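In the two complexes below, chain A is the common chain; its partner is chain B in one and chain C in the other.
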Partner chain A sequence: MTLAVFFGCAFIAFGPSFALFVFTIAKDPLRVIILIAGAFFWLLSLLLSSLVWFIAIKASNSQDLTLQRGLLIFGVFFSVLLQEVFRFAYYRLLRKATEGLAAISDDDGSAISVRQMAYVAGLGFGIMSGAFSMINILSDSLGPGTVGIFGDSQYYFITAALMTLALTLLHTFWGVVFFEGCEKSRWWVIAAVVSLHLLVAGLSLLNPLYEGSLPPVYVITLATGVWAFFSSGGSLHSLSALCTRRKAEGESS
Partner chain B sequence: MNTSDSEEDSYNERSALVQCESPTIPSYHQDHDMSLPQETDTKRGRPVSSGLDEPGLVERERAATPDGEEEELTLKYGAKHVIMLFIPVTLCMVVVVATIKSVSFYTEKTSQQLIYTPFKEDPNSVGQRLLYSLLNTIVMISVIVVMTIILVVLYKYRCYKFIHGWLILSSLMLLFWFSFMYLGEVFKTYNVAMDYPTLAMIIWNFGVVGMICIHWKGPLRLQQAYLIVISALMALIFIKYLPEWSAWVILAAISIYDLIAVLCPKGPLRMLVETAQERNEPIFPALIYSSAMVWMVGMADSNNPDSGEQHLFILFFFIIYKHFSNILVLFTKRGVKLGLGDFIFYSVLVGKAAANGGDWNTTLACFVAILIGLCLTLLLLAIFKKALPALPISITFGLVFYFSTDNLVRPFMDSLAAHQYYI
Partner chain C sequence: MSVQLNRVLIYADFTGVLCSSVEQKIYVVLNETVPCVRLLNATHQIGCQSSISGDTGVLHVLETESDLDWILSSGPHPPYMVIMETAFFNRSVMMRMKNSSRVAGVAVIISKTGLADNFSPHTTCPNQNTGVYSESYGSDLANCNGTVWNPLGNGLSYEDFSFPVFALKDENQTQVLRKCYEDHNQRVNGSAPQYPLCAMQLFSHMHAVTDTVTCMRRTDLQNRFSINPEVLCDPLSDFNVWTSTRPLNNSAKGHAADESVVIAATRLDGRSFFWEQAPAAEGTVSGIVTLLATIQALYPVTQEAPPPRNIFFSFFQGEAFDYIGSSKMVYDMEKNDFVIDMNNVHSMLEIGQVGLRSGRSLWMHSDPVSRQNKSVDTEVSEEEGKLSLFSHLTVDHPSVSQPLPPSSFQRFLRARRIPGLVLADHNTSFTNRYYESMYDDAENLNVTYPPGLTPDEQLVYETDAAKSLAEVATLVARSLYLQAGGEEKNLNNITADPKIVTQEHHISSPHDSRPGPPQFYIGLGPRVHGPAHSVTRFVQYILANLTGTVTNLTESQCQNPSELSTENKDLFSYFWVSGPASVNGTREPFCVRASVRLSKAVSPAFELLEYGSRNYSTWTESRWKSIRARIFLVASRELEVMQPALVELTETKQKNISAKTEIMFIK
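Entry: the complex of A and B
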């Protein structure tokens, strides 16, 4: 509950996404717009899932704590499904837009490829998801208080930040993989992304038991990262070319 | 061509005064092609070509180029100009939210209210509160319409010097008085001891440089900065002095008013614009200021002698900026321009979202909603190629997201955060 905690958690949760934004997105206006639209779509999905949860809550007995918890878990899974539906909807919208953009693209070559859009859309989802999870917690960490005074874990802030970071990166990777799967009509890819998202949300349900949730989530993040890298055209060759500073032939997002 | 010339030249007093809105823009039709360059000239005199401020109508300039070229021109500039609008709008909102969160003065409700919202809301009775906020809104909107009509009348009778004088006087008061108030509150919040001579020097410099930048010449960035600061100051005043529910209803009503004013052929401002065109004069914007001044003088008798003066100034500026409910964004060959009113109302919405409760999610949701609304507005502009209002879509999205995030998403996210479940 000090400035150190605030800055530390803020940088853990948002550092990588901020860096990604500054280095890859900020310079290109079209990417910024796609990012913000992605954030908007995630927000819409959250809105709808909150609406459903809210109705369920109001229709049920508020004194029954197990029921409330069950409804919350239902809310979590429903929200995950809805997020993926909106990701698909955003994909369709972007495909339509690509055709329009292609028609008016000038020689500047600023037309954006589907892979770049996938990355930007994924990052948009990730940033918004991270912001919504983390911002209130960050602002509370600036104020007075004692963490875990009622017996909860003392590591609340740092685990929240780590989980947010993992989710942001995951959304980015899922975006890349998902769009690629849609492009190539590989529906197993989409099913895999949805199940991974459900798995991650399910792991977070273990939560005060951080050993059960954080390491597996990070393993999944790494694996998905590797998958996204290969899915978007990267290869070991391009990696080694990167290391030896030769121009890589493959395109990686 | 006319437009470019005057844009270069945009720092002279007349064009600089072109700041306001013009829900009208009837002239921006396909038939009035030739008049456009002048229009843009008069309307957008306000400098800061690419990027800030200009009362805008979401519109496209069609300077007599063939359709195909025009389309390419617009779309080519599309994304870049959307971003050029995002940045100042974001900055203005950031200033407003930062102030609201840190300086408590702007969230403290006083018993003092603007004269345009005469009905006091009673927090105990829902029905009465709703009724009074509707009545307040009706009063406010009628005031705007009346002011606009007075403006048109003044313009028709050519009281130009009068108008110019009032305009300068009004921006003078804004730059000195409101910033003095703001600075005072910031010092109080951070417990900074400041002596009057230093303060006088700071305010004097700030105000004079502002007057010069806005009404005459100045570096583009400085001018943009001043316009952002002015919009933020106005938005803060609105947030403070508009009663809770009335503010929301007024926001909705203003968007509807803008929608009607832009799309209906019979508005007073439309007549104003047409008169300006007939006379071939760039004076239109100045008129908006003038009508505000007239109103201020009329309001000089305040019921409460102690706060009379402050109340007066607030009323005064309130009116001036009511007229900045710019509805337009203009696409010209040189850039996009957005009116101050847009900045002000967007910032009012986000500021009110920030002021209610400590929830940052709501603020962020409104922010994203407004940006997307702005994006869509510009997209519609590119598609329909005619005058469109810029406020309605953003404000609608903003309001929808505010109420839904506050009531639906907040409890959901709070429960999730309490258990540390992640979605």
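Entry: the complex of A and C
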């Protein structure tokens, strides 16, 4: 549907994550490495889960539509579980790496804290997940047509972009919360993250009933964002400090 | 839900193989596309062109005059892709479309409902610049000054359109388009339809521009300097088919000693507005069928009681495009590069359009300018006399002095003033109301069968059209025999069989193994499309069947007959045919020896490298990469623009927050 839609959807889906990358990650090479490794771990989880789904599809009757839909649902949930398993695996890997990083750094402590690694790992997961959700759809949005001739909704592209944005942010927040839960051995946190992920994946299966999928997902995103903020050490006090600092800067300039 | 299911079912038949599933949700690919392509000659380009990435427009069906106003002035969503009903495909509407900037392309529905009484996209005076009449020869007869041959012609085929024009021949596909239009684009109570709207994209980008001179110059540059040369256009070319009652030595070029030849000729091609669509029933098939029946009637008698002169039968290809085949043959004759030359030619008889006689008389056309010469005049009158000998079919000549109709004979006259006649079913202008158009089909020839006949029964049923053509064929055969000096006593043995004619008529109708009647457009010949056009091959094999003898050569001998002393490759050509199917399905192939040959039909302008020639045909056809069509929905511009605006919103918020992360999280 032309360049306007292509750029619009691309920036909606990837704009925030791109901005986060540029302002918080790009300057520190260690963070970049952790980001890319996180993306790679997500890719591995996707590869394995899609292999399972593919074998299931090929072994089944392709004409039976309810069976195919059932297999899709199974594939989605299995993929969610596998992603969380790989997130845990990445956490273990990063914990092992912290000791090594502390040994080679100039300061006494490690060059990067677990909380920062959590955020970067989550963002890595989010970016790769967003890319795989969106790239295929973006390439088709370049043509002159929009979705709808078979009766689908004409808002397909923009809702896909919004969903991708939500998922990217969610992965980031989940990364923070998950690592924090593992550090403090609070297993209910991990269970909550997994259930939230399953819930969001299940909501996406409601499409094309976009009213049923997008608002709840954004509510969850907001809630998870607040949870991640408080979990990583933020407080109302620091928020107010942010505003006064800004005011002070405003007065002094 | 059921509405969506219906749509999926209707459209699902039409999606081709697409790569991704999102693409499958968006586009419906139309498979049966018939485009109009670009042709070029020495000075002009004609036909249609699209942009390199296709032309897109909102669909609108043109059924009434108010639709025309909507498309051209009042509709709020230009440019439009017009679905044109048959009745509106005429010169005035197409010219208004051409001059409007609101038309992205046209798809014409080809059907018999709403078809006007006449439709000929050809010019009113076909081949006026390459015939025999010019400033120096019969100037008062040139450019149809005396007689307008095709008065119903609107010249659409010779206009240059800057948007693509496609033809919709498949009824199911047209139904898909109508459904999409009715679902999304229909006007409700005169108000404009709402987005999303159904749109169509047509791809038919042509590589050649301006004229043949430019195109061939660029092609030559490519061939000389490029590693991967890109050819931009190809000359129209194919083969003429010829045979003779006495075999001629094919390797002895130039004047044939002791040969006086009577030429019987007809044309082999047709054209229409769209590419490779030319049923040409009355324009071409009637002539081919008549000449084949003539040969079938005449051949046995000429073997038993040979007349003194040889009779040379020729089917000329490419006559619609400034006489490609006949100009090439005359050129070869003058250059002594053909089996005979102009000195061998005694006279000529050409069969023009003879299908719409309907019981009336046949007309003999002759050239008044050459008849000013006494000897030529006597010869022609004698020839006319031989045709008028038979009372069961009246033959007349036009009462006023008028030029020859467009015919291959005119090219022979340009070289030498030989006596000759052109036979036609029209006196002044053509009786064919659909000359060189897609509607000149079997129905135009009134080929009708009684209801309830099986296809096999239809194959042998003698229609009225077949009987009429058989009468003409008998007349032509007998007069050719007399013209060649044969004796009158043998004439009663010469009769054309209507059964053969009706079987040959099947080359004008749809057949089980191919979808639709054969098309007679000349095409691009051996360099591009393989050996020879299917129609050319077909006529060649029928001739071999009618005039050839079965030999008992083996397959390898048939392919190399020069190894045997009894066979002569110079006089005959040898065909290995698969034979008729027997009861249990097996076929017994055998070798046929016939004096049927193909001769190259490409304009001499391309041999002489005179691409801007005024004397010879310079027609070329452009090359292209892809020709296809697809339909989809388009969203409003507001929706498109809204999305970048959303982006701006998110980006500004983002930047603010990211800059402050240190403050928020430092402990």
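The definition used in the following text is that the second predicted complex is superposed on the first by the 239 of 253 C-alpha atoms of A that agree within 3 Å, B and C clash if a C-alpha of one lies under 4 Å from a C-alpha of the other, contacts with A are read in each partner's own complex, and residues count from 1 in each chain.
In this text, a residue touches a chain if its C-beta (ideal position, glycine included) is under 8 Å from a C-beta of that chain, and two chains touch if they have at least 3 such contacts.
Since this is a predicted model, take the numbers as computed values, not measurements.
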Superposition on chain A - do chain B and chain C clash or fit: fit
Partner chain(s) touched by A:I137 [first = chain B, second = chain C, both, neither]: both
Partner chain(s) touched by A:S50 [first = chain B, second = chain C, both, neither]: first
First, second, both or neither for A:L30, with chain B first and chain C second: first
Which superposed partner A:F40 touches (first chain B, second chain C, both, neither): first
First, second, both or neither for A:N207, with chain B first and chain C second: first
Touching partner for A:T98 - first (chain B), second (chain C), both, neither: neither
Chain B versus chain C as contact partner of A:Y156, first or second or both or neither: both
Minimal inter-chain CA distance - chain C and chain B, angstrom: 6
Those residues of chain A which chain B touches in one complex and chain C touches in the other: 136-137, 139, 156
Residues of chain A that touch chain C when the two form their complex: 1-2, 4-5, 7-9, 11-12, 15-16, 19-20, 23-24, 115, 136-137, 139-140, 143-152, 154, 156-158, 161, 165, 229, 232-234, 238-239, 241-242, 245-246
In the complex, chain C residues that touch chain A: 3-4, 7-8, 11, 20, 22-23, 25-28, 54, 56, 180, 196, 198-199, 201, 630-635, 639-644, 646-647, 650-651, 654-655, 658-661, 663-665, 667
Chain B residues touching chain A - in the complex, by the definition given at the top: 71-72, 75-76, 79-80, 82-83, 86, 358-361, 364-365, 368-369, 371-372, 375, 401, 404-405, 407-409, 411-417, 419-423
Residue ranges of chain A in contact with chain B within the complex: 29-30, 32-33, 36-37, 39-40, 43, 46-47, 49-51, 53-54, 57, 69, 72-73, 75-76, 79-80, 83, 104, 106, 128-129, 131-133, 135-137, 139, 156, 159-160, 163-164, 167, 200-201, 204-205, 207-208
